[in-house]
Every structure is written in C-alpha cells, then in structure tokens.
Amino acid sequence: MQKILNDPEPFVDEMLDGILAAHAGQLRRPSARAIVRADAPVGGKVGIATGGGSGHLPVFMGYVGRGLIDGAAIGNVFASPSSDDMLEVTRAISSGAGVLYLYGNYGGDRLNFDLAAELAADDGIEVRTILGADDVASAPPERASARRGIAGIFFLYKVAGAAAASGASLAEVVAVTERAAAGTRTMGVALSPCTIPAAGVPTFELPVGQMEIGMGIHGEPGVRRGPLETADEIARELTAAILADLPYRRGDEVGVLVNGLGATPREELYILYRSVARILGNEGIRVHRVWVGEYATSLEMAGASLTLIRLDDELRSLLDAPAETPFFVQA
Amino acid sequence: MQKILNDPEPFVDEMLDGILAAHAGQLRRPSARAIVRADAPVGGKVGIATGGGSGHLPVFMGYVGRGLIDGAAIGNVFASPSSDDMLEVTRAISSGAGVLYLYGNYGGDRLNFDLAAELAADDGIEVRTILGADDVASAPPERASARRGIAGIFFLYKVAGAAAASGASLAEVVAVTERAAAGTRTMGVALSPCTIPAAGVPTFELPVGQMEIGMGIHGEPGVRRGPLETADEIARELTAAILADLPYRRGDEVGVLVNGLGATPREELYILYRSVARILGNEGIRVHRVWVGEYATSLEMAGASLTLIRLDDELRSLLDAPAETPFFVQA
Amino acid sequence: MTDASGFVDLLRAVATRLQDHRDELNRLDGVAGDGDLGLTVSTACRAVLELAPTLESLPEAEAIRKCGTEIARRAPSTGGTLIAFALMAAAKAPAAPDTPPLERAAAYLEAAAGSIALRGQVEPGDRTMLDALRPAAEAVRAAADAGADPGSAARAAALAADAGARATATMPAKVGRAGWLADRAAGNEDAGARLIALAFAAASRSRERS
Amino acid sequence: MTDASGFVDLLRAVATRLQDHRDELNRLDGVAGDGDLGLTVSTACRAVLELAPTLESLPEAEAIRKCGTEIARRAPSTGGTLIAFALMAAAKAPAAPDTPPLERAAAYLEAAAGSIALRGQVEPGDRTMLDALRPAAEAVRAAADAGADPGSAARAAALAADAGARATATMPAKVGRAGWLADRAAGNEDAGARLIALAFAAASRSRERS
C-alpha cells in the first residue's frame, strides 16, 4: 500500500486536522466529523448540508464555501457519516431559512440523513432532501430513482449553492436543484482499483489491458468489464449511454464535467474531452462551459467519468456564478 | 499501460486539442506547440513565457492566464519544446515592455530558451531569464545553481505574474521574482514510477514498501531509496532538508505548497500537511497561506513534494493577488 | 428486570470472534459492493467491546439500545446503520418482567428483523442480511415455543442463519447497485447475510463453552 | 561542391538502425536521468528519414545543416538539441572545394565535438556524449592523416566510440542531476555516449555492406 499516512485508523481524522490547519480562515469544525463554513450560519440564507464517506475529495467537504454549500458530515472511507454528525452540521448552518440536504443516493447515507432530518425537525429546522442519482450505469432507466450519485453532484452543489447565495427561498432552491438533477447524467470507466487504507488491499482486481465500464465511486463493479479501449471509443461509449438516457437532443445546451477518479493525469482527461467535444458537436449539442479535473475521486483509482447537465437560462447563470472554497474557486 | 489515450504518438497534440476545445475563450494557440492567453499580447505589460516537457499539468500551460503568465511552449512528454515554439510564444506575448523567460533548470530547456532569446533579440524583443532551481535534493548547496526546478515554480509564476499584472517594469519583475526564487525550496518523495506513453513501460521500478526521497519531476532517481515512512517521518525529513538549506529561521513567514505528483489522493496530502504544520509551528515559522493539491505533476506518479517560500510584505501581497487560468483560480 | 450481564457476555464473545472475519467480509462485499463490510464490522466490534464494561449493570434492554446507538455513531455504513436500528428496535420489544430468556431472545430477534425489513425496505429473498436474520429469529421462536434449552436454540438459530446466508448465493439482488449486477454476484453469498450467520455461529459456540 | 547523396545514404542507414535501440537507450537514460533518450532518438530518426528525400540534391553541408534544424525542431531534448547544434556546427566546418571525403568527415566530427563541449559546457571525462564523440573524431582524423580508406576509418571510429562509451561506466557524472547520484549510475554507461557509439557502429556496418 503506497500511501502517505501515519496509521489507517485515524486516517480521516488526521486528514481533517490537516484541512483545518490549512484552511482555518474558511472552515470550522463544530464536531470531530462535521465541517462548516467559518461564517456559518449565514444569516437569512438557506443552508445546504451534505455528507458521505471519505476518500472522494473534493467531494464532499471541498465544496463547503462561498457560493456553494454550507457544511458536510464526514464518514469513514466509503462509509456514511453518523446521523449525529449530520445533525451537528444542520444545527451549525441553520439560520432559520431552512436547510437542504443534498447528497448522493447511498443506503447508509439515506438512513442517517433521514434520521437527522427527523431530529432536526424536532429542533424546528425545516429540512428538504435532494439526492444525487446521476450514475446511468448503476440502474436501468426504469429504476432511475435507485441510481447512485457520482460526480454529477458537483453541478447540483453549484446550482443549489448559487441559488441560495442569491437569496432564494428553500422552496426555490429545491425547485431549481431538482430541475438541475433531472437534467444531469454521468457515466465513468475505471482503469485500476483503489485501496481503502484500513483494508490494505485493493477493492478489486483489474488485469492490465482491461477496464470496468460504469464502475461506482467506491469501486462497485460496473455494467461490464472489457478490453481497455481508446479515448475515442471510451468517449463514444460514455456519450452514447448518457445522451440516450435523458435524452439530450440536438440544440440542447449543456455544461460538461470530465472528472478524474484520482490517478488519471489531467493530460488524459483532456484527450478524452477532445473526443467528447467532437461527438457532442456532431450531435448538435452546444457546450456552454467545461470543467476538467478531479471533482469527485475514489482515492487513487485510475479512470474518468463524464457528466452532462442540460441548461436553461437560469441554470446557466447559476453555473457561471462565482464560488470560493479551499478546493474550488470560480471567479 | 492503463491510460486513456488514442495513440502515444500524438498524445501531446491531442491533449492540446482538448485543452483548446475546453478553454477557447481563455487560450489560443499561435503554433501547434505554443499556447498563449487569448488576449495576448497584453498592452504595456511585461510578457512572461515559460515552457518545458509535457506530463506535468498544470505545469506549464496551466498557469497561462490573468495574473499569472502569458504563454508556454509545449514539449513532448518530459522533453524540451523547440526554440521555434519558444520564439512563437515570445512574439505572441510581446507588447514592447519586454519578456521574462521563467522556466525550470533543465539542459534541453536552457539550450533552447537561450537560442530563442537570441532570436527574439534579433526581433528587438528584450528578454530576461530566471530559472526555477528549487529542488534541494538535486544538487548540494555548493552547486545550488545546478539544481533542477520542480513545484516551486508555481510560486515564481505567481509572484512574477502578479507583479507584471500590476504594471511593473521588466527590471522590477525580474528583481522581485529573483527574490522569490532565492527564498524558495522544494523537496519531494515518490511512491511509484510513472509511464511515458510512448515508452510504454515505467521509467523505473520501485518495490512496494519502498520510497524514493528527492526524486526528480521526471522520475530521475532521488538522493536515496528507503523503506516507505509514515507521513510524520516524511514531513520531518522534507522539512529538515528544506529548512536547513536556505536556512529558514524562527520568525520567518512562509507560503507553503504541498504538491501531489499525480496519483496521491488529496486526503494524503492533507495528512502530510498536518505533520508539516506541526513541525513549522515548533520551529517558530509562521505560515501565511497554504496551497494543497496538484500544482506540478509527473503523469500518474504517486508521491508529494513540499515547497516553502520565504515572504516579505511585497511577496505576500503578490502571492495573495487574484489570478485566473483554466487550471488555477484565486479570488 | 433482567440485568445485562448475560447479554454482555454474549456480546463480548460475538464481537471478539467477528473480528477474525474482517477480510472475508470485505471480500464478499467487494463482489458487488464496495468491499468494506469487514471494516464496518471491525469498527463496530471495537466500539461495543469498549462500551461493554459500562453496560453490565444496566437493564438488558437499555444495554441493547446503547449498543445500537454506539454502532450508529461509530460504524454508520448501510449495514452498520441497519444493525444499529435493529438493536434499537429490539430494545423496545415488549417483554413482561419475568419473560424467560428464550422468549426474550425471540422477541428481540423478531423486532430486529422487522426493523431491517422496514428501514431497509426489503423482503426475504432480496439478498440482504434479512435472509439470514429472519430464519434465525424463526428458529429461536420455535425453540422457545417448544421449551427447548438455550444451547439447542442457539445451535438451531446458527444453522438457520447459515442456511439463509448460503441461499443468498443464488438470489438475484434487488437493492442498490447490485440490482443490476446479478450475474457478477452469482455464486457469492451476500456479505451482510454471511455476517449475520457468523454472528449466530459465534453466539452458539460461546453458549457451548459456557 | 560535393552533393549530399553519400551523406544521405549514411544518414538513412544510421537512422534506420538506431531505431532498434530505443528501449536500450531509454533504460540507460533511466538509471540517472528520465528514461527518454530512446524516444528522442526514435523521434529524431523518424524526422530525418522523412527529410532524407529532400536532401539528396543539396550540397552536403546544407544537408547536414538541415538535419540539424530538423532535429532541433522535432526532438529538442537535451541530447537531441546538442546533437542538432553539433550538426549545425559541422555544416559550418571550413572545407575547401575538393577536400577528400575522409578529410571532410574529420572536419565535421571535430566541429561537432567542439560544439558539444561548448554548448554543453563539458569536457572529456564528464560522462556525456562527448566521451564517445571525441575519440571517434580523433580516430577519423588519424585515419585521414594516414591516408586510410573510408571503410577502415569507419571501423576505427566505431571502435573508438565504443571504447569511449564503455569508459563512461566508471566516470562520475558532472552535469545535471546525475552529478549527485554517482553511486547509483556506477557501472552503467552514459546513455548519450552509448547512442554515439551505436551511431558509429551503424555507420561502419553500412560502409561494409556498400
């Protein structure tokens, strides 16, 4: 296990120590496993809480900041945070304007966020929930609500965060974020496994020359395993699955996220985007803006995902709005 | 070779196609292997040119943008760009206020940039050169000018770019950047090799459980190879070498860069920073600001480097100035 | 009111033994999931073993509830959270002051199984923990009804849980991502079901030694 | 003025053969450097082979110069750039109209070696390309002075370059990072020196066949 760490056991806590030491002006830690904006609660603003397992930086806490979300509960690597920590976050970010829970669709996270929402309601905090469920490979269209949330959550944070920053009400934030979620689709490929520090061995085996198509963010197996394809072929496969799913249509305008899973160099992500851009051009889909980099990772997994979000005027301006966190800045 | 690409041969050109397709509003490409700000030359401003081998994104062209540098010549993976492309960049960014060549100290780059400077002089463009030579592991102090440039170049770009953006003259930009360079030191560890696409095999072998201390940005062997240490021990070794070299003294104020080489998750970089912050605290060195992430990579190499820059009032405000490129934004 | 000393002995025995199965449970969970159930289990076992000394003097139901809240706090993965909820539900199972031990056990297990079905929104046959827990609960209820001794009830529960876990190997999954990956998982038991079976096996073995 | 057909034949023979040594040169360069000299060489060889058809009718010196500028454009690594400069320097070597072939070769090689020493700021013994190139140049000069035939001159140059490259295995490096890594590189030849030796070996073999 070629990792820089002291001990797998306090991996997450030491990581949080480091993040707080580096970014004390921007973040604070109301409990051991809760991170919120240093200036939370922001008076009069809808609070946005998220959370989930560790190992996905900048997801989740990397999006805590101005123009984005307000707090995150932090789980162990690939495991849900506790409802206690979710409640801590909720209380720390609630300014009375209501709180949106915005997180990926995973069993443990749902169980715990639902419990936290009940407890928050007892405190008089109004909570609404939206789940990221953008991974088209994780369930067929007829079971779309069972899909897992992967990198597409970045667009949902951006939209919800910009709407909340603009002073929108909870109902308005919910409405526009649901519209964003309805138009967001992701699919990825993995070229290597990753190793959970406490487990010490890779989560799966993938022979050289093979890739896993549709792999989950935790290394859950994808829809199929096959020979490693070229960037052009991977782009074709991912765009075909994504475009057909919504479907996106000729004339649609989209935002595009090409996300690296951890070990794949930025150089390769741009080679992939080159292929994607050609295909979208041929399909008559206009690209408004492109984000390329590591936005939702799986430790040191090699591979990439592609996300599209269908835009309208409001979503476009929310995506373009400025934002600033220790992990993501948009001017 | 688990890579997303079409063919190793046009790897760099396809990457550039992708970057230009994604960021056409911010960058343009005066020749096949030259990238400059879309609005270059910026009237009245000192132009800053860089360049070097590919495989290090965001180094080099990732720092081309507002508040940073103006253009970059692009070499093959780990190989110098040609003097022709350097000259293209120079011409495209020259507004008459002079041009600074700011790049890492590598033989091929020096030979070619020196030739480009001669040719630029024939065009009447005044060129000054500053080399990044921050890698304390690459040569002993008595041969400090032979040292290679690694991640510390980020601080030099930031300082030079902010100074140039503020309207400083070429002589002023050179002076402040030389001061920044004189106070910048870096050292790193590698936990895995990387593979140049055209070579198809890793640049070296590193058994599991071992690490290379002081490895170069191209996978050049370091000062020694030893058992993989804990984050605390790695931090101790890197800070010890860096602090003693300038030396940095009790009461100094520094900027800190914890840089990932490619495959090392951000989680681990923060665990490393946690250890670094404690040591600097004990040494009485004040940390003004911290950057943690991938700022200078070696394809998918695992590992990290630590850079310190000693600050004074001017350097502090130049580091804090806003900047915006497709790869780096500071508000 | 029964004190928790019997429960705590059992808890210690089970938590100690389950830790040996970390890698096996990780591996099973990795077939269609994220390969971390063994980590969750070892975290949860460490948590309850640390908690155990504070439980002994409590009423049994309270000790069970505290185990649940502790697991919810320290090992809140999907499996961990469902088990935590199940323990909390068990602690609320109605039991008259001097209900005999096996009756109590049957009531706890039925409440636990009911909680998992409810919270997890699953039925038997969906390839989850429930497929091992429900048969074990039924075996304990049958033993209690038949007036069997605790030892043979524990053996019966362990056998039933094991058979239930084995049966998951041929079940198509319904929950989560696994639902779309039936073929890949085929032939492998559900990790959560195997965990339950291992817990009952440990419980039965500890009864035999005592 | 001599036309470039003889030079182009040699160029083709050498460039074709050198491509077989890509992995070997990468490996040698990887001992203390970045492991890419083989890539540079194969890029450079491809470049000059593509260029070759346009060179044949040119004056010899002009063809040599064009090889240099082409390598500078397409394979500008440290080694590639130094070789490019060396070719450009060779093209400028003063040669009277009907200097015999071996005299011309000696003048080119002396100019090339001088360029590398100057541009690379190295001396013999610094563990670089120069340690193979300089002895080869000297051997050709000696052969020319002795009135030897081109074939035996080529053989002598190849032998001298090979011996020079071998000798680098025990030289402490002075340039670049390698300067601090003398021990690690010990026992391995310098990659650039081996490249020069391979080039002279290829040249000599092509003479023998022709």
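In order of appearance the chains are A, B, C and D, and numbering begins at 1 in each one.
What we mean here is this: contacts are C-beta pairs under 8 Å (C-beta built on N, C-alpha and C of every residue); 3 or more make two chains touch, one makes a residue touch a chain.
Quick caveat: nothing in here was measured; it's all calculated off a predicted structure.
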| item | value |
| --- | --- |
| Common touching chains of subunit C and subunit A | none |
| Contacts common to subunit B and subunit C (chain labels) | A |
| Interface ranked first by C-beta contact pairs | A-B |
| Chain of greatest Cα-centre distance to subunit B | C |
| Centre-to-centre distance between subunit B and subunit A (centres being mean Cα positions), rounded to whole Å | 29 |
| Distance between the centres, which are taken as Cα means, of subunit D and subunit A, whole angstrom | 54 |
| Chain centre separation (subunit C, subunit D; CA means) in Å | 74 |
| Between subunit D and subunit B, distance of the C-alpha-averaged centres to the nearest whole Å | 32 |
| All touching chain pairs, where touch follows the definition stated at the start | A-B, A-C, B-D |
| Complex contacts: residues of subunit B adjacent to subunit A | 1-7, 11, 14-19, 21-23, 54-55, 57-58, 62, 189, 191-192, 208, 211, 228, 230-232, 234, 262-275, 277, 290, 292-294, 297, 299-300, 302-304, 322, 324, 326-327, 329-331 |
| For the subunit D and subunit B complex, residues of the former touching the latter | 23, 26, 30-36, 38-40, 43, 72-82, 85, 119-120, 175-181, 184 |
| Subunit B residues within the subunit D interface of the complex | 75-84, 106-108, 111-112, 137-140, 143, 146, 148, 196, 198-199, 201, 203-204, 216, 218-221, 223 |
